[in-house]
Structures are given as structure tokens and as C-alpha cells.
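These are the structures, in C-alpha cells.
Shared between the two complexes below is chain A, which has chain B as its partner in the first and chain C in the second.
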Partner chain A sequence: MKKSACVLLVIWHLFVLWSMAGCWNFREIRDLAVVIGASFDKKDDQIYLTVEVLNPKGGEQDRGTSGSLGIKPQLFEGSGKTVFEAVRNMISKVGRKLYWSHARVFIVSEDVAKEGIIQIIDWINRDAEVRPQTWILVSKGQAAGDILRTRSKLFDTVSMQIDTLLRSQGNSGKLLAVTVGDFMEEMQKPGVGAVAPTVESMKDEREQIPEVTGSALFREERLVGFLNGEETMYLLFLRNQMKKGTLIAATADHPKANVSLEVFRSHTIKTVRLVDDRPVVDIWIDCLTGIAEISKENDVISERGSQKLTERTNERLQNKITDTIKKVQKEYGTDVFGFGNLIYRERPDIWGTIPKGGWSKVFPTVGTNVNVNIMLRGSAKLSEPTRVGE
Partner chain B sequence: MTKTAPAGLRRNIRKSGPTSTTEKPTSAQGQKFNCSLGSNLKVIKKVLQNDGLVIYRKIRLATTPLRHCYVIYVDGMVNGDLLNENILRHLLNYDVRVPAQVPKMSFSDVLMNRVLSTGSVQKDGSIDSAIQSLLYGNVLVLVDGIPYAFVIDAKGWEIRSISDPETERVVRGPREGFIENILTNLTMIRRKMINPDLKMVFREIGTRTRTKICIVYVEGIARPEILEEVYRRLDKVQLDGVLEPEYIIEFIRDAPLSLFETIGTTERPDTAVGKLLEGRIVIMVDGSPFAITLPYLFLEYFQANKDYYDNFFYSSANRLLRYISFFLTTSTPAIYVSLVNFHQEMIPTRLLVSIAAAKEGVPFPAAIEAFIMLMAFQLLREAGVRLPSPVGQAVSIVGALILGEAAVTAKIISAPMVIVVALTGISGFIVPEMPGVSFFLSLFFLFACSFIGFFGYIFAVIAVTIHITSLRSFGMSYLSNLTSIHLQELKDTAVRAPWWWMTYRPRLLSRDKRRLADPGRTEL
Partner chain C sequence: MRRELLSFKQIVYLLILFITGSTIILPVGTEAKQDIWAAVILAIVMTVPMVLVYARILSLFPERNLLEINEQILGKIVGRFINFMFAFYAFTLCALVLDNFGQFINVTAMPETPLAIPMVILCLLALWATKEGLEVIARSGEIYFPIIVFAAAFTFLFLTPNLNIQRLQPPLHQNSEGIVSAALHLFSFPFAETVIFMMIIYSSKKTKAMTKVYLAGLVIGGAIILLSVTSVMAVIGPERYQATYFPAYLAVQTINVGDFLQRVEVVVFLIAIFAGFTKISLCFYAACKGFSNALGCKEYPFLAVPLGLLEFLFAANLFNNTKQMARWASEVYLYFAFPFQVALPLILWIVGEVKQRGRQGSPEVDLHDESQG
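The block that comes next holds the complex of A and B.
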């Protein structure tokens, strides 16, 4: 009797305890507006927010045409003094609560980025629903909302296209994909300038499509300039972020004949030393490549030919990388290569001599010494250059 | 055929006697046979009043002085050939006078030694127990002037033939299953273990049905403490009728209020013998093809006899599959509901959109949907079990069509929920011994999750784990094998190790722990 009373008591307590929680955080899926991407513009002190919302209802009617989900994204625009206010103002337009956990991309317009990106990014990093793993991009020369208004040809939504693209960016080697979390970390680290990829809307045939290319450079929280796709590649080399499967064009014997090399693996080592009280960074790049394409009937396969090819490529790459470093040092003055951080970590004694906040003045004077070592491995399926018959 | 154990039997009768008082006492409680055939017969006839099946055959014996005897039996319960050839004919034809050469021989000795040529003949002085034997299918012979009855074992009635056990089918392994007759069942066990250490102790349970039960164990392997505990608990059973082992199980099991079985049943003689060899005790109950096995541990839910007949890799894979399906059948609805209602960020985006599209227009929250579908599944299952198989098929087709297709089209239930419940149901059949457990657990987890998502799930799992850990079965910890740190113990848990590697029996279960006599190939 006593035992069964105990059991009843336990069951009763379980019931009460659980029901006391009262369906805390209960959300029906159908009450959510799933945000897949968002863009931030600014006009007259108002932040304009454009969100791309997945609309399962619209998808149901179009279903069955292709392998995609057949979702028709819906765009909503709203504004507010702050990002959070804009988000909350949006509810009255959307009708459902915006659900941010599935957001893939945040696009910030150039204007906002120039004014300072913290006003956007702090909310992203602080809000419980928004993930720091979301990609961040800067729209170049356009309103960020216009990017979301373009049309993706293969994907259900523009955001999904950009997301897939940035995930596989290693294959192009000209993109530096950054998540909000990494961006924040870089922004807060001493001696590093943050970088984000840029996105533009391009006309392709009759339609506007999004194109992600190049990168935007930040000094502290402000956008200071852009690098194009090729320069971004050198930036990747310098940051030791070059991944497998990237193409570099290199000239060989004939002035106009190109040889394409495919990067399999690349490793960059940076060290710092003092020359006349001026920090000099030595950069060694080891790059394992294979011949992907030879555009002219010339010999780069034989030992002599391949040696010549690698020598020329090394020299060319060294020059290009040095040019890029100089350009950034002179024009933008932001240390996106992480030289300052290198000194901070490896030579704290040097770092200590630099006055606090004075790195941006020292950075343009840092000397660099780039050494590239290209290694050739194989020549894809063909062992000979393609020859023309008599 | 059999000899009942009179000691245990009588004790039980004595004990149960006074409790079964009826308004009109017709029992011959405590009465003894006396020398008068007429008065003995009168008592028996009075007790067996209105029992049309009992047949009294009067025979005049060829003896001086003239004596009569009565052959009493229950129609349909005795072997007709045996009765006619070896009892009636001998009594009618034989000269039953005491031979002159052996004057010391008494009349009853002559009857027992020369006339009644059947396997078992016993003298019984108590009218009560004689009637008991009569009703069990024995033949009573009452002779004038002898103050006891001859109880002749001539049992023979219609029994179902031995067939493939319905509940525990195997692809490979013996095809025979227990039947309703306890004697046949015991011979099936005996045939598998030809060893004098195999002990079979009879008892009677049920003050009215007087059902025979038999406690089977292997002396030297089974632990005497457990055996004693079994006897002690059986003594306390005061039920008037026992039709199925469950009647006894609910009396003698540990944790009677727990969902989890602490006593197992099996329909297969090979399984029963396997358990005996591990040191377990088997109780057969007359009238049911299910044998009780005890102690029963949590792990036994997942051990099937076919594990031991198949290649051990395949068996181990199957066993893992059973663990997974236990997880699936208890947790799928709960996890689905938590994901959909509380943790949408954990669903991949595309799946989220699919689910959202499917749930568009469905009026109920996911928890209610899950509850409706689980109930519907149980309804279908129960309907299918009860009905004859052609009708049962019709029911399942209609049920599947209506619930699976129409309910989704009519937007009463979302399509993913049908998948979830189907998965729950199918996985539930992979561990068939625990249908009740898995159903209630899935409801419990679902309930917990419908309030606070995964937190509820974790709390519920912790509660169930605490409960399982606290269980005991006849002194054995319910999880004893799973939580063991001995390598030997773990060889028959998540995986089934090859036979030549399982050197020892379950450690706490058996007295003689060594299973392999020669550990030749034991250590790898």
C-alpha cells in the first residue's frame, strides 16, 4: 500500500514537473517564416532589411518540375533604427515570426560596411537563433537588397546558390569564404584585418544573376577597399588558406602560350625578423601542382622544360604576390595578411615596441620577402604535349 | 507415464483445503477408505455427484470368498486400449486367489503383482487424493475388503500435435514447440538433456483448478538460493485457478508494478534447455505451451535463440539491430516531435522545408498527431491479432490505406508522421518480447517531449534508466550482464561471441561457472 502510494506520487510529480514547463519554447513549424538569407542596407539613418523567406506553400504548387524542392522564396523588406528593430518590425509584414537558424548568407551593402559593420554584425553574433556559421558577404557598388532580387537559375533561392558556391570555393581558388563567427574573430584579433567576399549582380542573357568574386578588405570595422579575383588568390596563398584544386595560369616558352597548373596542395610558412629596426616578413610558399592544360605545342614535360616552367612560374608568382602586398600596404593600409598577428605571436618583443593601436602605421613599412617553390607532379592523362600532324 | 510427487501434492491439498469452503460441502476431506466397498463407493459417488463423465464398472472377481471390485474412470481421459486389455480383461479372467505356494502373499499383492499389468499402480488410502487422481485421468480400482484404492496410471486423451511455435519462429533451428500437455513438454526437455542432473519437481497450484506445474532445473548449475526462493514464492500463491503462466508470474515476480518483465516465457524447448544450461530455472505449467524462465534479465529481451544457431558475426549484427530497433521504437515519435516543435534548428534546411510543406494545413500539433497515429497503430495491431487471418488481412489493408493515404490526403495527419509511426511500429516487432514495454515507453517519452523537447526526452530516459537499474530478478541485478566489467560477461551481450570463446556461464547466475570443459581454443 505504501509502495504503490510512492509510485503514484512519483508519477504525479513527473506529470506536474513536466506540465509546469508549459511547452516552453514550443513553436509549430507552420508558424515560422524560415529565413534563408538576409541583406542589410542603410539610407537616411534607417537600416533597411531585406529577407529571403522560404515559402513551402508556394513550393507545393510548382512541385515536380525538377529535382529541387520547388520552393519559391518570398522577399520582405523592412526598416528600423537598429537591426533588431527592423527585424521586429518585419513581423507585422510577414505575419509569422522570422526564424533565423537556417539563414545561410548575410549580405551587407558597401555603404553600410564603409560606415562600420559592427552595427550589423553584433546582432548576428548576439542573437540566440542566428548562427555564427552563416556566410557574410559585401555587395560591391550596389544595394545589398538587389543581390537578393536577382534570380538563381539552378537553385531554389539566391541564398542557396551563394551558400553552395562558398562551400565549394576551394575549387575556384579565387574566393575567400568567411563566416560571421570567423569574421568577428579576425576583427577582434590584434594585427589582422578582416576580409569578406564580395558579391555583385551581373547581367547574364536577360536576367540578373548573383556573382561572387573577389574580396572586401576591412580596417578595424570599416570597409577600405576591394581585391579582385586574382589578387584574392594571392591573398589565399599568403594566408595559407589555399586549398586543393585551384588553377593558376603560367606562361612558358612562347610569350603567348599558357600552361595551366592545378594546385593539389599548398603550404605557406611566414617568419619575421628585424632589419634596421624594421620588421621583415619572410614568406615561403610550397605548392604541389600538376599540369592541367598546355595551350600550345611546346615542351614543358621534359626535365629541362618542366624546370624552366617552374622557374618562370615561381618568379611570376613571387612578383604578383609582392605586388599585391604592396598594393594593400599602400592603398588600403589594412593588414589582411596577418603580419601583425604573426609578430604578436612569434616576436612579442617587437610587438611590445609598437605603441598600442600603432600597427596600422607600422604595417605599410613592413618589408616582405616572398619565396615560391612550385613542384610539378604529373601531367594529367597525357604525358606529351599535344602535337599537330604534318 | 508419470509419477506425481505425492509429498508436494498432499501438502498443497492440505493447505488449500479449508480455504475452498462452499455452501454444500461435498468434498471427502480427510476421509479414508474403509473395508466396505459399498460405503467407499457411496462416498465417491456423493463427491462426484452430477459428473456425467465418470464411469463405474462393477466386476465380480474370480476368487473365494466372492469379492466384487469397481473400476472407476473418467470417460475420454483414459487410454481405452490399456483399460480394456490390461485392466478389465485381466480382472475378469485371471484367477486372483492367493497361490498356495506363497501363502504369505496378501490378496492385494496378488492384484498388484499378477493382475494389474500396467506401468504404474499405487495404493492410495485417502479418498480425497484418490478422487484427485481419478479426475486427472487415472483409473481407480476399488476392491471389496481392501481399505485403499489402486490408482492405475492409464492416462490418455486427445492432445494437439507438436508444431512450429507461432511466437518464436526461426529459419534455422529445431521446429518443435511446447504444447498444452505438461508431460509431452517435459519429455521434450528431457530428450534434449539426457542427464540425471536434470531435475523435475512437480507441484500443484490453484485451489480449484489444481493445475500441475513442474519446476525444472539442472542440479549443479542452478543456484540453490534461487531455487529456494522460487519454492518460497510459489508456496505463497493462493490463486483458485491457473490457466496460463502469467497467473503465477504476477504472483512470484519481483517489482510487480514495473513495466519491465522480470520473468520470461518461452514456447520453445530448445530455448528452455538453453536457459537451463545457463543456470536458470524453468517452470512448466500444465495447459499452456509457455514455459516460465527465471531469473530474467533485461538483456534477454534482445537475445533470441536463433542468435546461437547462426554464424556469430551475423548473430551479433542482428543483436545490434535489435538494440537499435528498441531505441527506434521507443524514441522515434518523441525525437520527431521535439525536433519539429522545439528544435527546428537541428533539422537540415531542405528537410525542414519538406516537413513544413507537409504540415501546411494539418490542424494538430505534432504531439497530438503522434498520439493519434500511435493509437491507430495499436488499434490495427489488436484488431489484426484477434481476427481470423483472412479478415485480419482485410483489416490491415483498409487500416493502412485509410491511415496512410487518406488521412494524409485529407490533411488530418502529415506524411512524415506516418513514416515516423510506421518506423516505430515496425521496429517494435523486431523485439517481439516487449510489445507492452515499447509502446508505453514511446508514449512516456512522447509525453515528456511534448512539453519541453529534448530536455524532456533526456529526463525521461534518465528516469527509465534509474528504474531499470533498480530492478532485481530473483536476487540478480536486472542489468547485471550489461554493466559488468568482466570480459567474460560481455561475450554474450551486445555481441554473441563464438561458442568456443564463451568459456564461462553468466557469473552470478550459475553455480558451476565453467561452460567449456577443455579451454583448448578459448583464448585468442
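The block that comes next holds the complex of A and C.
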């Protein structure tokens, strides 16, 4: 009796294990529509959602260019009063429930961002399936859906291209990659304005391709302006997020001759002090660079030459950075550099004297004092400028 | 009735698991904002005297747990009434923790699964564990503990690149109100909840060992909480910490080592379920013991099944949504728990001290520390 009960129990357990494994939400991969990127537009109070859905049936014969998996993305459009409604309305077009955990990029159109981005970003942050590590971008001057409608030449989908680009953004030094989670934090944190990279569709060899360039500046939840690629580089310096990139420095002797400097490492220290009851931020930028290119036959490698070069570069960079700060202070009035947050963190006593919500009034009056210290490390493979024979 | 013996080590493990239990997933001490570390330290310091009182009561009456002590010093009727109250507290606490886990799994992992499913499974497990007895729970704790330590160390290690000390600044600036308020909440949840242990363990001799056990559990458990909430705060910042129901989950989501090691949120489930199961079964065990004592029964296991089913129904109908759960935890629980965590133990301690002294002069201290709890 005992033994047979045991055997029965084992059989019962095996039965249960095999037949009931898995959870309630069990979904086979073939039943999913995996979203890889999405864009949000708005027209007549309706949110227009465009999603790039992976079609897992790519197949061998479709194998595209090198490095591609031969996956063909499908675009779907849907609309609704809210993002969630648009997402759910989409089911009737896609035929499957959208699966969001693998989304790589979210593109928000300029118009929606100007109206207020919470209507989009709240759902992204609230939904359990969407991950806060997804990139967020703003489409400049055109509908966000048009970005997804461009064609990526090397990658399977536009979203994959943008994702790879933003992940390796360190190599260009002119891009500020921002995830939804970081964006949320910056939007909520005291004394800092949120930033997102901008994306445009560009004509390149007869085809429309996506191009990520510059950054979009937000005041509270609203888009207030853009910075171009070069200004974004200065923004990176100010935020201490510069990793690698290119600086262009002019030499002293020939104003037209350019020397390209490659940034290896950069570190920014900011401190704040009060001058006549006005906060002044001192910024020190230490930047380790190497000469990457010399476009004229002049000497910038010798001790005297390189000293002149660094002096000039320091001055140029200081001016450019100061100009960028002034521009943002005057035109946009949003503290994307995080000066307010610096004061909040390091001098909470000063921060306490500013009335709540009054930082946007104080920010344009903040004085800045930029000090750049360029250090030169070598000149790549060549030890001399390229010289011309007689 | 058979007495169940636990070793020194087992009780410490259980205390640590009990303290980390649901605390590790919930947003505790939000009022302190970036100074949460200070609030945790303050809460531990506040709990130390209470824990000394708990341990003192137990060692004043060797071979007896709180329920029997109550009966002895307060008389049969009053003592049993107090025991009923304590049992009700343990019962409620069990339902609260059960509900936390149901909500956690429901919100983050399985939104379409009915809330009741994870809850009923955990509840059945706790019911079974209780039927088997305290020693089984203690041994399971011994197995879980190293797993949890490993998982937590692993998570912390991979979280370090995302730690940003700037999120903890400015430290201690005009935030004393928030810190104290957060520390009070942390005191009532989870540190002083260890009062539950008085209902299930007893000191075999009149020794200081109980104090040592209690303090060791509190300090190690507190250190784990300190490390976990501070690192979570340094990863997601006070604004997002406050805005989310399950901050640790959000923080662990950011782990990304070389685009390879990512999406390890499941580790949080691992820690939460193991520690949470221990907390649920300990509370449930205490509730069973308390009710059986209050009803004048000698044995408790026969109560496990009916109480377990009741427990599940209670937990399932406790709150309508996650917001209510969070509100209860932040606004009501402190006052609800105060009599059990502070007032009653203090009264018991004074009464016990007086009675013991009246009977045999000053209580002698046994130097033999190898006692079994």
C-alpha cells in the first residue's frame, strides 16, 4: 500500500511538472510582436504611434548585408487619445499583442515634446514591460514616424542603427545619449534641465537615412530649443560626460591652417561660489588629447609650437564654451548644465535662499568662469608635420 | 508538548532573513530622501534598546516564550487576552507581507496572473512549514541564507558602476525631520517587528546569550538593509525612489555589464521570495502558536490549515490596490504596531523584573553562554 502510494505520487508529480510548467502569462515567441522601436506623434489631440516590429520569419534567403540577420522590420501605425489606448488599438492591426521589453529607441516628435513630454514618458516609465534603459530621442522638424520610415543601409532596422550609434556615441563626442530612466531623473531632479539627442532624416545618395545629431533642451517637461552637434560637444564638456571625440584647433601662425586634436580623456570639475550674492560657477576642464591631423606645414609638435597650440586651443575652447552657456542662458533659460543641481548638492545653504521654483529666474544671471587645460600626448604615427620638398 | 530547539546560528539567520524579508523590495524611508543611510542607522540605534528589552524578558523567564510568560505574570485571563492580541498582530503582519509579495509579483512580473495565485502558493508553503514545525523553518533558513548572501553580493558587485555619489548629496542638510520620520518608520518596519521572535523562541537558561543573538541578528540584518537601500538610492536617486513602488527592482534593471550581463531583475525575486517566505512562515507560526495559546489548546498544528486559509482570504482582501498598500505602510502601520513593539514589551519587562525580584532577589546571571534558544 505504502509503496504503491509512493509510485502514484511520483507519477502524479511528473504529470503535474510536465503539463503545468510555465506561468499564467505563458506566451510563445511566435505569438509575440516584438517591438524594436517606436515613435510618437500628435495630430488633432490624437497620439499617433508608429512601431517597428520585428518579423521573426526573416529566413535565410533574405540575408541582407554583412552583419545583418536578415530580419525584415514591419511598420505599423495606430492612434488613440492616450499612448496606452494607441498601443492597445494597434492589436487590431498587428494581430498580435505588442511585446515591449526589447524596444531599443523611442522617438518623440518635436511638436509633442513642445507640448509636454509627460503624456508620452509616463506610460513608458509606468508600464511593466517597457524598460527604462530604452533610448529616447526627439525628431527635429519632422514627424517622428518619418524617422522610422527611413532606411538603414547597414542594419536590419532603423532602431537597431540608432541603438548601436548611441551605445558607441563615445567615438564621435558630439552626441549625448539619454535613456528614458535618466531623462525621468533629470526632469524630476532639482536644478537641472533634461536633454535628449535629436534625430533627423537626411537624404544620402537618393535614400532617406536617419541621422542623430545635436541635442534637444527641455525646461521642465517642455522642449525649448536645440543645440547643434558642436554645441552638444561643449555641453558634454560641461556635464563631465565627454569621453572621446574630436576637437578642432587652429594654430597661431596661419589662421587658416587647422590642427585636429583627438580627445582621449576629459574631466570636468565645477565649483560654486557667491560674488555679490550672485552665484558664480567655476569650471575646470582637464582634457588629454593627441594631435590627429595637421593640415598645413607648420610646426605644432615642437615644445614651443605645442605650447602655442595648447594656449590657443584653451582660449578658443573657453570662448566657445562660454558662448554656449550664454546662448542657453539667454535664449532657452533651461539649466541643462546642472549648475542649479551643483548648488543644491554642494551649497544647500545658497539653494535654500532661492525661492521654490525660482531657479529658472536665477539661472540666466549665474556667472561662469571657464578654465580649459588641454594636455597634449603625442602626435599619432608621425613625429613631424608633413613637409613639402623644394 | 514537544519543545523545539534552535541553535544560536539558526536564530541569527532567521532574524536576518526576517529583517531583510520584504524590506528589501519596498520603498522604505522615503521621507529621508538622499539621507536614507542616516535614517537606517538611526533606526538601528533606536531598535537596540528595544531588542535588549525583548532579550531581557526572555532571559528573565527561562524555558518560556512570550506567550507563556504573559500567562505566568499577567494571569490566565489577561495573559491570554494579550496573547490573542499578539497573535492577531502576527496574523496581520503575515497578511501584509503576503500581500506585498503578491503585489510585487503582480505588478512587475505577471500582470495577467490573478493576484491570488502567487499569494495562495506562498501561503500554502508557509502553512506546510508551520505544520512541520519551527525546526524545519530554521533549517530552510540555513539553506536560504547563503543563497541570499551570494545573490545580494552578486547584485551589489554589478551595481557598483551605476552608483553615483552625487545622488546622495547634499548630505544631512535641513532634513532632520525627514530623517527622524523615516527612522521611526524603519523602526516599526522592519526592525522592531522582531518582537514576533519572542513568541516563538525561548531561552533555555538565564543567560546573556539571548541578547547576543538578538543584537547579532539586528546588526547584520540592519547592515544588509543599509547597504541595499543606500546603493539603490545612489543608483536611481531620491526622486525616482519615491515615485516607484519597488525601487530595488528598478535599480537592478540598470545592471548592464558589457551588453552581456543584463536583465538580472530575477535576482531580486530570488532574494525577496526566500527572505519573504521565511518572514511569512515565522509570522504565521507565531500566529498559530498565539491563537492556540489564547484558546487554551496545548498543540498548535491543528490550527494551521484553518488559519492558513483565513490568512489567505485576509491577505487577498486586505487592499484593493498597490497604492493602498503603500499608504498603509507609510501612514498607519507605525501606530498600529506601536503597542506590540514598544508599549506591551515595556510593561511586561517592568512587571517581570518586579515579580522576579520579589520572588528570589536579584536574578542571578548564568555565565554559561552555550545556551540553546
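Assume the second predicted complex is superposed on the first by the 351 of 390 C-alpha atoms of A that agree within 3 Å, B and C clash if a C-alpha of one lies under 4 Å from a C-alpha of the other, contacts with A are read in each partner's own complex, and residues count from 1 in each chain.
We adopt the following convention: contacts are C-beta pairs under 8 Å (C-beta built on N, C-alpha and C of every residue); 3 or more make two chains touch, one makes a residue touch a chain.
Every value quoted in this text rests on a predicted model; they were computed, and no experiment measured them.
In the superposition on chain A, contact is made by A:36 with chain B only, not with chain C.
Of the two partner chains placed by superposition, A:378 touches none, neither chain B nor chain C.
In the superposition on chain A, A:344 makes contact with chain C only, not with chain B. By the touch criterion defined above, A:188 lies against chain C but remains apart from chain B after alignment on the C-alpha atoms of chain A. In the superposed pair of complexes, A:358 makes contact with neither chain B nor chain C.
Which of chain B and chain C touches more residues of chain A is settled by the count: it is B.
Put simply, chain A uses residues 23-25, 131 to touch chain B in one complex and chain C in the other.
The residues of chain A lying in touch with chain C in their complex are 23-25, 128, 131-133, 167, 181, 184-185, 188-189, 344-346, 348-349, 352. For chain C in complex with chain A, the residues that touch the partner chain are 107-114, 117, 166, 169-170, 173-174, 236-237, 239-240, 243, 250, 253-254, 256, 259, 262. Chain contact summary for the complex, chain B toward chain A: residues 257, 340-342, 344-345, 349-350, 352-357, 359-360, 362, 365-366, 447-448, 450-453, 455-456, 459, 463. Listed in rising order, the residues of chain A touching chain B in the complex are 3-4, 7, 14, 18-19, 21-30, 32, 34, 36, 54, 56-57, 59-60, 69, 71, 99, 101-102, 104, 129, 131.
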